[in-house]
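Below: a set of structures, written as structure tokens.
Both complexes below contain chain A, partnered by chain B and then by chain C.
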Partner chain A sequence: MSYSETLSKRLGSIGATEGAKLSVAAGGKKYTGTLMPHHDFSAEDVIVLKLKSGYNVGVRIDVDSRIEVLERPIPRERTEASVEPRAGLRNLVLIGTGGTIASYVDYRTGAVHPAFSASDLINAVPEIREVANMEARVLFSIFSENMDVGHWQELASAVAEEINRGADGVVIPHGTDTMGYTAAALSFMLGEVPKPVVLVGAQRSSDRPSSDAPSNLLASARFCASGERAGVFVIMHDTPGDDSFAAHIGPRVRKMHTSRRDAFRSINSPPAALIGGDGSIDFGPGRQVSRGKAVARTAMERKVVLLQSYPGMDPETFREIILGSRGVVIAGSGLGHVNGNMVPLIKEACDAGTVVVMTSQCISGSTNMNVYDTGRDLLSAGAISVADMLPETAYVKLMWALANSHDAEEAKRIMRTPLAGEMGDRRTIDV
Partner chain B sequence: MSEQPEMICGIEIHQQLDTKKLFCSCESCLCDEGEGSYYRRLRPTTGETGEVDRAALAQFLRGLGYRYQCCGGSSCLVDLDEEPPHDVNAEAMETVLAFSAMMDAQVVDEVHFMRKIVVDGSNTSGFQRTALVSTDGKVEVNGKSISILSICLEEDAARKVDAADGEVTYRLDRLGIPLIEVATGPDMRTPEEVMEVALRIGTLLRATKRVKRGIGTIREDLNISIPGGARIEIKGVQELRLLPLYVENEVRRQRMLLKVKEVLESRGTGRAVFEPVDVTGIFGDCKSKVIKGALADKGRVMAVRLPGFAGVMNGDSGNLRLGAEMAQRARTKGVKGIFHSDELPNYGIEREWVDRLRESLGMTGENDAFAICAAGGKKANEALAMVVDRANEALDGVPEETRDPLPDGTTKYSRPLPGAARMYPETDVPPTPVTRERMEEIRANLPEFPEEIERRLMRDHGLNAQQARQIVRQSKEELFVRIAEEFNAAQVAATMFLNTYSEIERDGADPDSVSDETVMEIFRMLGHGRFAKEAIPSILREAAAGRTPEEAVGILGLEAVDAGEAEAVIRSIVMEREEFVRSKGAAAAGPLMGPVMEALRGKIDGRKASEILAEEIRKIV
Partner chain C sequence: MSYSETLSKRLGSIGATEGAKLSVAAGGKKYTGTLMPHHDFSAEDVIVLKLKSGYNVGVRIDVDSRIEVLERPIPRERTEASVEPRAGLRNLVLIGTGGTIASYVDYRTGAVHPAFSASDLINAVPEIREVANMEARVLFSIFSENMDVGHWQELASAVAEEINRGADGVVIPHGTDTMGYTAAALSFMLGEVPKPVVLVGAQRSSDRPSSDAPSNLLASARFCASGERAGVFVIMHDTPGDDSFAAHIGPRVRKMHTSRRDAFRSINSPPAALIGGDGSIDFGPGRQVSRGKAVARTAMERKVVLLQSYPGMDPETFREIILGSRGVVIAGSGLGHVNGNMVPLIKEACDAGTVVVMTSQCISGSTNMNVYDTGRDLLSAGAISVADMLPETAYVKLMWALANSHDAEEAKRIMRTPLAGEMGDRRTIDV
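And then the complex of A and B:
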């Protein structure tokens, strides 16, 4: 967020840096204010000043404008208080990765900082220290849309390391866009992890009074500190209110709304626990915490693609992609279908050793490929179906299965075997 | 008014715009009921130093929460802070730019929306979105130029509908309605001038034709100080006619406080120390309802010494009233009130207990005073701490504070004057560029100024200057022109707006609640001869009470009579007074008009009745 080259030069030549107090006469108007960073959508010839009243205004600068520096910016210091751990509380480690939950606006300059440090996050929720001893470390500072397979691997290793060093649980603040994928990846990589590993995000950034970050974080700490459940979970709001939270099973959760606080929903399975605003927790069935070691099996096969079938899908467009992949997950229509003209290509791929997995773009419900001709044709071609597994989860699992097996048949067997609660053969009736 | 107080006053006017909401596509109208609600908390965020404001955090940790009621067409995910704001409403932006041009203000080159932190729950986000659009304008009022410091475009807050222990309920319908905020310089010197300026700015706002009308759609904040006093902000006055009264009362209050300061200074009164004493034991057998009630509720009676404060809490025949200020401050801690020594014995606390109190507190000097509070021990102590603080502030004169307007024209303490607002950029809303070309186009197409409308009404519809000005002030010019053109009834309409409306208002009803269409219907029926113009006030009264014109006619028995029926009625009135008529001759018409109109008011035109009466009298004499 810096000014255009011309403006930067002009400002630089008089020593007007961000935070400096300026007097500006332009277009017949006069303003005195502090120079703010350039706004992304601001015009090229406009500088942004914060007036004494606190308001920012844009001032258009031309050759006749006069800019004068009245005061240089005062550098500011930030102190971080360290807190002694308290006996009798569980020890949790917070591993920062970035995202909305950790983004932060500097009140003085108005710049948006990508990294609100992990300890800042804890400091912003002081009551969390009543729940557990929190230690923080930052692993990445990225928005989750930029999260990659390599990040998952590094994260899984870091989690295992912390648990093996004695953490009673790990809380991972994460951007929400791809948090479901990361949750699935950690679920398979960490397998029977003996402690709770919770991914937590925010739909409103932490610098806002209404942010859901603190309450989600507190609910996550409470869930981990309960010592009741081991596994990988996502904890977010369960409603738009700040008094109900849900712990979702890692590979079962999906972001189902672009902006609501309760965007994350468990699909085809009830949440692992519901957490109240008062800290009460209502647990569903799940795996108990144990004393064992954490093992991170992080190998992943990257030659896997996730495709969505659609009317008019042309096999020629995808021929190279499908034949060039070791694994293909298709989010098919309905019970797990594709246009019949795709079937020969899929057969060709299967025959060549590619694992093709059918899921459904309906998201809710299970695939069943025995009901219609196309389904049966796909099975005959060599594709497999994975019941009610989410397409995204199937994609992540297939990467993991291919890297952790000797051949396609073994990978298929792994795909059809529930490992971390990612699939089920029973869907209850909602009443 | 007897006195012209020496005072300085500036005002801030908040006017709702009649567009959709500022950052979403919801209708900007209020709902009678909320449907469903969500519970939220607003946490003080870290400040510039990366630390959280301790006081604000302490309040948060005490558990205050908010409940937000949703409303069908006038709230959406944006209002619930569940969706980012959309682009700023173009019509609202256009209106504020036009208004800025009307005020001759300097419009910024790029409008940047800010987040102004507000953690009282009235904004679901915890901040109000607001943008400075222009500065340095002016408005001429009675020949004097009043400076306009700033014109902002911002969103209105949610409506508070309920407050219970630890939870405040807001309704989302009002949240996000666009507001123009106009701030004047501290240029006003008399209460009347304050009202004149408010009136003028209000009229100019309405001239944009895009503002809402009616109670609650325009709100004024007053900033008042007197020499030696302090800046007091009275926030959210809704009734324009009360403005001068608030100003007068505030000037009087500040003078009173300066007098209190003088008295305390002359006595050499020093700062009181907050040392609460538990005096519950003294009151075991006291008859005071307040004390008995508090003790029955396991409360305590706490007392504080106020040496040197006697006679200023309630003294000089009620002219010094520091006690009322102390009580208002104490109530912010949730107690019902306090008792201070200037008002005792009273309220069931007899001389005997007052003496015992004085003795146990060692308050025996001439000017020694005390205050007590009966409530839960902790609450009572907190309240008395406020009392001592407020007493000590009196040593310095007038404390700066924000006050709430009360319906009787007085105000009560609300909170300390807010510090510099914490504002940071609303990164979700792109800045709006305002090019010179755009402003030129806006200036070339400014809405008609009130004076121009007045001249037009005089020229086209034969109104006199006073009639025209009044109609424009009432913002009835459009309706007036419709009536004048469609029913050729300019004078009848003018009389209605000038006289009838104010009469109805004096009776406590709201004539503005009658819709334009209803008024048109009344004139349509008048045109069809359903009743005479004399019936308009009664019909309008019924309409203001929510009845249709048709229902009003029925209720009032106003079906017009034909000339034959009228003649019969008038003839019988004349015959009943035959003696009188014969003796007075034609001059009897004047005295007889009263009974005639009583029988026929609204059923026949007055002039027509007068003609018939003259004719009937002529027949006899």
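And then the complex of A and C:
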């Protein structure tokens, strides 16, 4: 369905084309936003505005409504400046993967598209050239909900390659949806990587004035250029403003809000560093950079599932999935529980050699399966717990542990051994 | 395996029986805790202490270790005081369901058992008699990980019964693991319930001096006795101390930490009230108590599943579960996404009449499926989004909506209509 003839003419007469910034008064309310393309599902008298918040609102226009054009759409320009490397600055490589950070709003379709090139990204932050010599390459251009195990493997190999070719650090612009999972995957695949590897995202696309892409990128470059910390990190806004950025430990970070700039939070661990808007960096404990080689151990077992337990969860429904997997991570309730009906199925799976790992859907805090009967029953059934490890990290680690071990027992030992800061000391729990 | 002969004699000689409070110095560390029964899995030279934090620690004892008995175990006493109702006080009914709040540590097995009677609970908080006339009955005595749909139904009916028999409010001690799910279930089943219905739990069992059971119970009684608010609420510590308690809106609360006293947090909504340690109450907006009857609409469709999306989630693995369900709630990534491979399966399910509801695993913030292609693809496939509703609440509501509607379309309308404060105004999203 398109606009009604009346509305179409009215928009045309005032030059309200797609991408124009409008002020609209309708139905007793006032809206300011960018005119989006007409939606197939929308009625013919409704226009869609993208508000400053980034969200779309549908506004019904009648004869009493007022529409005013505040700004005409500006054609997007691309600048492609070639910059000579400067002596005395560290050399960082930016590996593009896509996501909002490398995206712009397509005003023809109204959707956000991953389309900025990696060098466009660097050029959008002129200050970054003062911090480090930046080289850019694009590996993928996808939204992170489509990142798959194969992408993680390719990315880990590319990172190792760049470090072994001399990069002092690698910055990876990445979609925020699954950035935490990728950070965990790189943490295990790259192990004791000798340089900083930073995943960085944005909650607002790069062509918008409110974008957090430039400031997150600059903070990432500063953290890498400091040459202080090796490992895999996620760097995003720590506060809604542009004054503080957190470098989270790769397997300890989780996206905890759908839209806020400071959506990423360290769970069960402080951040590895806080980076000020002025470039100052406050480091917590961590591993120093070194001269060694990077090694990517990328083997992953795909027959692993992540499930959340809930009241009414029926073992019959989940029977095939659980028995058909080599590994199962359950985000249980509380200290690591499931309903009692699930225990015989979990025992059957464990007896058949499946590794069943209990974590908690509470997200914060540690599992402890010795306090209550249900926890003890699960341990007796053969399930293991992994202290305060995130369910998502446990899922990624279990894929890695199963592919990098000889049998289920070895995989379980790997799961319970801290490798990349993903869990606290487990000696005080589940004795 | 039991203790070694040496260790067994040594414990006997100083009177260190199970349940005794010990000070132990071993391996260069010092521990204070309650001696737990010897564990089948523990080595013969290891004793298990329950620390003040509630957690167990295994301590290896050798000849250099020092063990001192600080306190002998106190036999548990039961007091059963019958109290006459007082004029001028409101009448509250306490319906026991079990959980840590109604539990004690069994020093023979070392486990926490649900065993306090409902009247024991009231008697443990003498001040409560000044606040309201309390009557108690026990409906279940289970840990909340075993609460099932049938328990919710029985509980909702019991609550309606008590209100219709004249109760001014109902207080429900409940295990914390699934208290949020039960609160959501009661919210939809009891709808516009005319009185306050409060679920209350504890993170430390009732026989321990550090228990939060008495203070949470007292705050719940005060909130109900105020006669100010009707609806379903969860009342727990708002801070780690005993100075502030939050009354959370039933379908808006989530257990966000495995062990802290202030584990329960309101998500995407402020609490309905804050209750001070002194009994003062600061109310937010809410529904007033009234004289109407309580009605329990308890029908629930059980063929509903709750799934979390993750990278590598394979449609083949989830094919039978999704196509075999009448309702599917997916905790998607970011604004409500799944990987592109899952979309055809979701379309197939929607075409077959299954209701597929997208929520976000970010927990905080709202879904918005019009910003990115994946969201639009999901909407086109027939999935719906439910604004800022919690995944767990969406799961419970979908069971209720499917059982209380004639077809999938009506169930979808119910899902997208706020009924009990479970979602914000959806008019500005997903247009």
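Things to note:
By our rule, the second predicted complex is superposed on the first by the 336 of 431 C-alpha atoms of A that agree within 3 Å, B and C clash if a C-alpha of one lies under 4 Å from a C-alpha of the other, contacts with A are read in each partner's own complex, and residues count from 1 in each chain.
Just so it is clear, contacts are C-beta pairs under 8 Å (C-beta built on N, C-alpha and C of every residue); 3 or more make two chains touch, one makes a residue touch a chain.
Just so you know, these numbers come straight off a predicted model, no measurement behind them.
In the superposition on chain A, A:D177 contacts chain C only, with no contact to chain B. By the touch criterion defined above, A:Y55 lies against chain B and chain C together after alignment on the C-alpha atoms of chain A. Taking chain B and chain C in turn and counting the residues of chain A each one touches, the greater count comes from C. Contact with both chain B and chain C is seen for A:R260 once the two complexes are overlaid on the shared chain. In the superposition on chain A, no contact is made by A:G12 with either chain B or chain C. With both structures placed on the common chain, the touch criterion links A:Q308 to chain C but leaves chain B unconnected. Of the two partner chains, chain C is the only one that A:N146 touches; chain B does not reach it.
Look at A:P344: by the touch rule set out above, it reaches neither chain B nor chain C.
When the two complexes are superposed on chain A, the residues of chain A that touch both chain B and chain C are 39, 42, 46, 48, 51, 54-58, 110, 112, 258-260. Remark: chain A residues 26-29, 36, 39-43, 46, 48, 51, 53-60, 76-80, 105-108, 110, 112, 120, 123-124, 126-127, 203-204, 206-211, 214-215, 239-243, 258-261, 277 touch chain B in the complex.
Touching chain A in their complex are the following residues of chain B: 38-52, 57, 61, 65, 77, 80-84, 106, 108-112, 114-117, 119, 124-127, 130-132, 150, 152, 420-425, 427, 430-431, 433, 436. Chain contact summary for the complex, chain C toward chain A: residues 39, 41-42, 46, 48, 54-58, 110-113, 143-149, 152, 175-178, 181-182, 255-260, 263, 302, 304-314, 317-318, 320-321, 324-325, 331-340, 360-368, 370-374, 376, 391-392, 395, 399, 428-429, 431.
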